[in-house]
Amino acid sequence: MRRIAVLTSGGDAPGMNAAIRAVVRAGTQQGLEVVGVRRGFSGLHRGELSLLGARDVANIIQRGGTILLTARSHTWRTPEGRARGAQVLRDWDVDGLIVIGGDGSFHGGHFLQEEHGIPVIGIPGTIDNDLYGTDHTIGYFTAVETALDAVDKLRDTGASHERIFVIEVMGRHAGHIALDVAVAGGAEEVFIPEDSKPVSDVLEIVRDSVAKGKRGSIIIVAEGYPGGATGVAEAIEAGTGLETRVSILGHIQRGGSPVSSDRILASRLGEAAVYALMEGRRGVMVGRGATGLIYTPLPETWEKRKDVSRDLYSCAKTLSV
Amino acid sequence: MRRIAVLTSGGDAPGMNAAIRAVVRAGTQQGLEVVGVRRGFSGLHRGELSLLGARDVANIIQRGGTILLTARSHTWRTPEGRARGAQVLRDWDVDGLIVIGGDGSFHGGHFLQEEHGIPVIGIPGTIDNDLYGTDHTIGYFTAVETALDAVDKLRDTGASHERIFVIEVMGRHAGHIALDVAVAGGAEEVFIPEDSKPVSDVLEIVRDSVAKGKRGSIIIVAEGYPGGATGVAEAIEAGTGLETRVSILGHIQRGGSPVSSDRILASRLGEAAVYALMEGRRGVMVGRGATGLIYTPLPETWEKRKDVSRDLYSCAKTLSV
Amino acid sequence: MRRIAVLTSGGDAPGMNAAIRAVVRAGTQQGLEVVGVRRGFSGLHRGELSLLGARDVANIIQRGGTILLTARSHTWRTPEGRARGAQVLRDWDVDGLIVIGGDGSFHGGHFLQEEHGIPVIGIPGTIDNDLYGTDHTIGYFTAVETALDAVDKLRDTGASHERIFVIEVMGRHAGHIALDVAVAGGAEEVFIPEDSKPVSDVLEIVRDSVAKGKRGSIIIVAEGYPGGATGVAEAIEAGTGLETRVSILGHIQRGGSPVSSDRILASRLGEAAVYALMEGRRGVMVGRGATGLIYTPLPETWEKRKDVSRDLYSCAKTLSV
Amino acid sequence: MRRIAVLTSGGDAPGMNAAIRAVVRAGTQQGLEVVGVRRGFSGLHRGELSLLGARDVANIIQRGGTILLTARSHTWRTPEGRARGAQVLRDWDVDGLIVIGGDGSFHGGHFLQEEHGIPVIGIPGTIDNDLYGTDHTIGYFTAVETALDAVDKLRDTGASHERIFVIEVMGRHAGHIALDVAVAGGAEEVFIPEDSKPVSDVLEIVRDSVAKGKRGSIIIVAEGYPGGATGVAEAIEAGTGLETRVSILGHIQRGGSPVSSDRILASRLGEAAVYALMEGRRGVMVGRGATGLIYTPLPETWEKRKDVSRDLYSCAKTLSV
């Protein structure tokens, strides 16, 4: 193995730059050449590659976004697209590819390896934390912190006006962000896609809050809960006659300088991905679990389901008393 | 003058607590008793008053929201409501009232003084900065900072995806926040209620950006611009075929620990409001202008119009080249 | 079990308020009365106790410091002091005590239980993360984030002036903060008490940095490394003739609103401590490990040693290439 | 005028990048070529110049430090050094030079113009705010915010431990930062170089604080006050027997992403500096005062003295009651 490539793909996540840096520096330190692919699979398709040295990734560990740019590409979805991408990698004498992204990106990487024999290692980079095979994904910690900061701000206003705030956080299929934010934000209730409890459950909680003299309530709703924050707010207004305010946090959760946990996770996984390629591992995502690094076949990362912590879910309930 | 009262009213703004603290401490230091009214004019109406000592306002200068709570009250809109409020103040032997809020709150204070002879001093507390008679209002600086922080985060994503972000900031009637955020955020274009330029103006700017190879564009829209961010985004998509993302920052702009400029402004104006009452000033808002404190009759604060800085507006244009 | 008490002791740590809230709310939810002891063991000694209800701990989850106050007390060090404390707890009909703090506080709790039969549960609250029996201690994550924020700021100046910054972070006996900050801050080198490498090792690294054209270097030193940051800086100046700047971050690392990870950890452990008392556990610290909650006899928490992650230490080295 | 140059010199300050961006973009927009000089006057001396286009300054407005690098150079102090610098500018066909920095940098610019006829305009970039001819200098607002954030954190610990914190902020000759931080941080006392009151004044304040039951005290000391924070702390311990903690904030005050006020000030002054050169102004600093832009001959900026606000100083006193 003499030369490897790295790309970021799908939605950007804070810490992707730290992962790129780790791949480049660990690769360099191991005597490999590292090629950066710009704009994910669509850039690969178009041949947007260039060599990256250790100095090229200086002073980026603290930056949000990705210096390699990213795109939600569809080029890898067709056999022709993948063949073209593989050819580019061969033209560049690339012996292995590291893909930083989420499940869409891992699909791309998986087929590239299956059909064209390019060794591929995945690094989990997505704020949603919805990949099986790792306790946390790169970007998740920062997204939680950003959402929590917004909740803290809304609580100031909510408490001053004694209002009910219904706040929607990201998570199309998973309630990880919502649950963490609910516990850390001291929310009265949380709605996540993993639990099918009816929205009417919130009515008693809200009435109870008012009865207890709570000044302002915070309800957290994951994007993927049916109806979202708007649906929950409407149910509250219809069921209790109380006024609510909806806040949909949106894209700010994707940006910003990564917090320490994301930078450390990205550094470790970036380093580990390089070692994995050198050790001959193929078609796996490198993740971090309770007792160390985990290597999971790429298809399992999207086929198997990682549940939210039921203990934490129960804790959220207990502490909103 | 032996006893004064203070209340916060209307939308909360970061720095209101610093203003309350300044009123209580300057009053105490001058030998006055200070009464805090909870929940603005509606609380006044219901007699929610209590004495506040210097220690009661310890450790609040850094907190968002208002410890006195606030409400968007309509009680002061009727003569009966105002008579009731005046009676409560007389029952409590209050010799003067300090109202921290925006134009709605100042209306309430104005009529209270006109009809019932209660000396009233206003302190400008609103994030919108839309009051005549002061260069800045309490809460404005923090709202700009919060919005700017969001813009910086969105730029990370925007640059990584090479996307156009259309971001709506607060300002129902005024473009102050939007303009400051646009200059400080390095935005490509800004739409404010004070300028009637057509939304189609943005099309050339966006096309130009793409032609120049800019990675991602930021467009700032004040809430009060006709159509808001959604309207601008639709116009861009219809006119250029380019994809956009809309982000409406909303209520987070009201909360959070106040930045230094808001705390300092609030401290100065809170102190000055106490002195103003003691010096016999009546029915004025105390503001801070280019050369020091300004005292403006309350009606002028909402009747006269404070324009945005035209120099800054022109600067925004020049630097987006 | 009908009534329990909770106190914070030793150095304060961000997240202690979240832990107090969790104890009070989980206790209340389980039908217990919860008594708060102010000023740690010295307050216990003096009888500074009062009942805490669920509303008394509203709106504190986001606050730094501890609403129960703390003190570095020596009262528990004498048999008389402990006897006095035990008597106060009996006078208040307290059936169990939860101690939030570090090893000094756990000593106090341990002897109270050994000598007077008061059931005691410890919750690890210290920024240093130097307790055996838990992967992380409450306050640790926030301290790392605060230190990292400072490093990011110093890097701006360091890079602009092409200077060497030697930054000292907290950790009298442990290098956990230093190591995390070094990896997340992209430092060139890190010195921790756990590794006895000579300070002269840094000379080659610094010379190498200059040779590679790195703009500015960041060296992280744990407080407990012999000589501290000043010693390392002097060694660099003596050995290379290059100018350095020393920054000792100090007490700011103890304060501030806790980050999400500390709030969540504190919420979980506060809840678990109440359940532990109810289940009849005695004299243990409740911690969180790789696979869930861990209960460790109090003496083991200070007698056994928790090493820093050797993988992370090696990663720091690799990525500074 | 066809080509102008820009450099940053002396201590770096947040917002310098925003000023560079404004100079480059306003220049470009006016049809000028803009040359960036790296490493201030020493880089000028060595010919480290290169052309900067509008895209070269994209995405830097939010970054701390200076992309042009800076140095505390002594090359301009000798006639030979200045002659060499002037020759480089002539070789590069530069028609005017914009210097972003403090009084040392303005000395350099002044002599360059006096001796060699190079038109020079100064932009005030220093966190100390100690230049005559502008209400604020670029970087000042961010430094205050950073110091205030540290004070807020220390207050958490101070209040929890009921301790006296003596905090030293930057300001070798001026108390602007100290005064703003004291008011915004709710400090009990502030010591600045502009007031010669004896350190013993603090003793009564501290005793009084304790008597009033204040939990923890914050004392702010400007770097330039004789003895600094250490001297004040020693005086307190000697005079009252109370324990104190000293925190010297140091270089973190120079770094970090600039706050909105610094970015806006830098944008306006950068633009104005270009216009000033084009209008034929020479040897002046462009500043911003109460009623708009101000042009002050460079020597006046360091010869005349800008006092701290006496009203604010008095306010600090009143509100610490």
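Note that the chains are named A, B, C and D in the order they appear, and that numbering of residues resets to 1 at the start of each chain.
One rule holds for everything that comes next: a contact is a pair of C-beta atoms (placed from the backbone, for glycine too) under 8 Å apart; a residue touches a chain by one contact, two chains touch by 3 or more.
Values in this document were obtained by computation on a predicted structure and should not be read as measured data.
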Third chains touching both chain B and chain A: none
Compute the centre of every chain as the mean of its C-alpha atoms, then state which one is farthest from the centre of chain D. A
Can you check how far apart chain B and chain C are, centre to centre, with Cα atoms defining each centre and the answer in Å? 39
Averaging C-alpha coordinates per chain, one finds the centres of chain A and chain C separated by a number of Å equal to 28
When the centre of a chain is set as the mean of its C-alpha atoms, what distance in Å lies between chain C and chain D? 35
Would you mind listing the residues of chain A that make contact with two or more other chains? 152, 155, 159, 215
Chain-chain contacts, ordered by label, are A-B, A-C, B-D, C-D
In the complex formed with chain D, which residues of chain B make contact? 21-22, 25-26, 28-29, 54-55, 58-59, 61-62, 141, 144-145, 148, 152, 155, 159, 180-181, 183-186, 212-215, 257, 259-261, 263-264, 267-268, 271, 289-292, 311-312, 315, 318-321
Considering the complex alone, what residue numbers of chain C touch chain D? 8, 12, 14, 16, 63-66, 69-72, 146, 150, 152-157, 159-162, 165, 215, 245, 247-252, 254-256
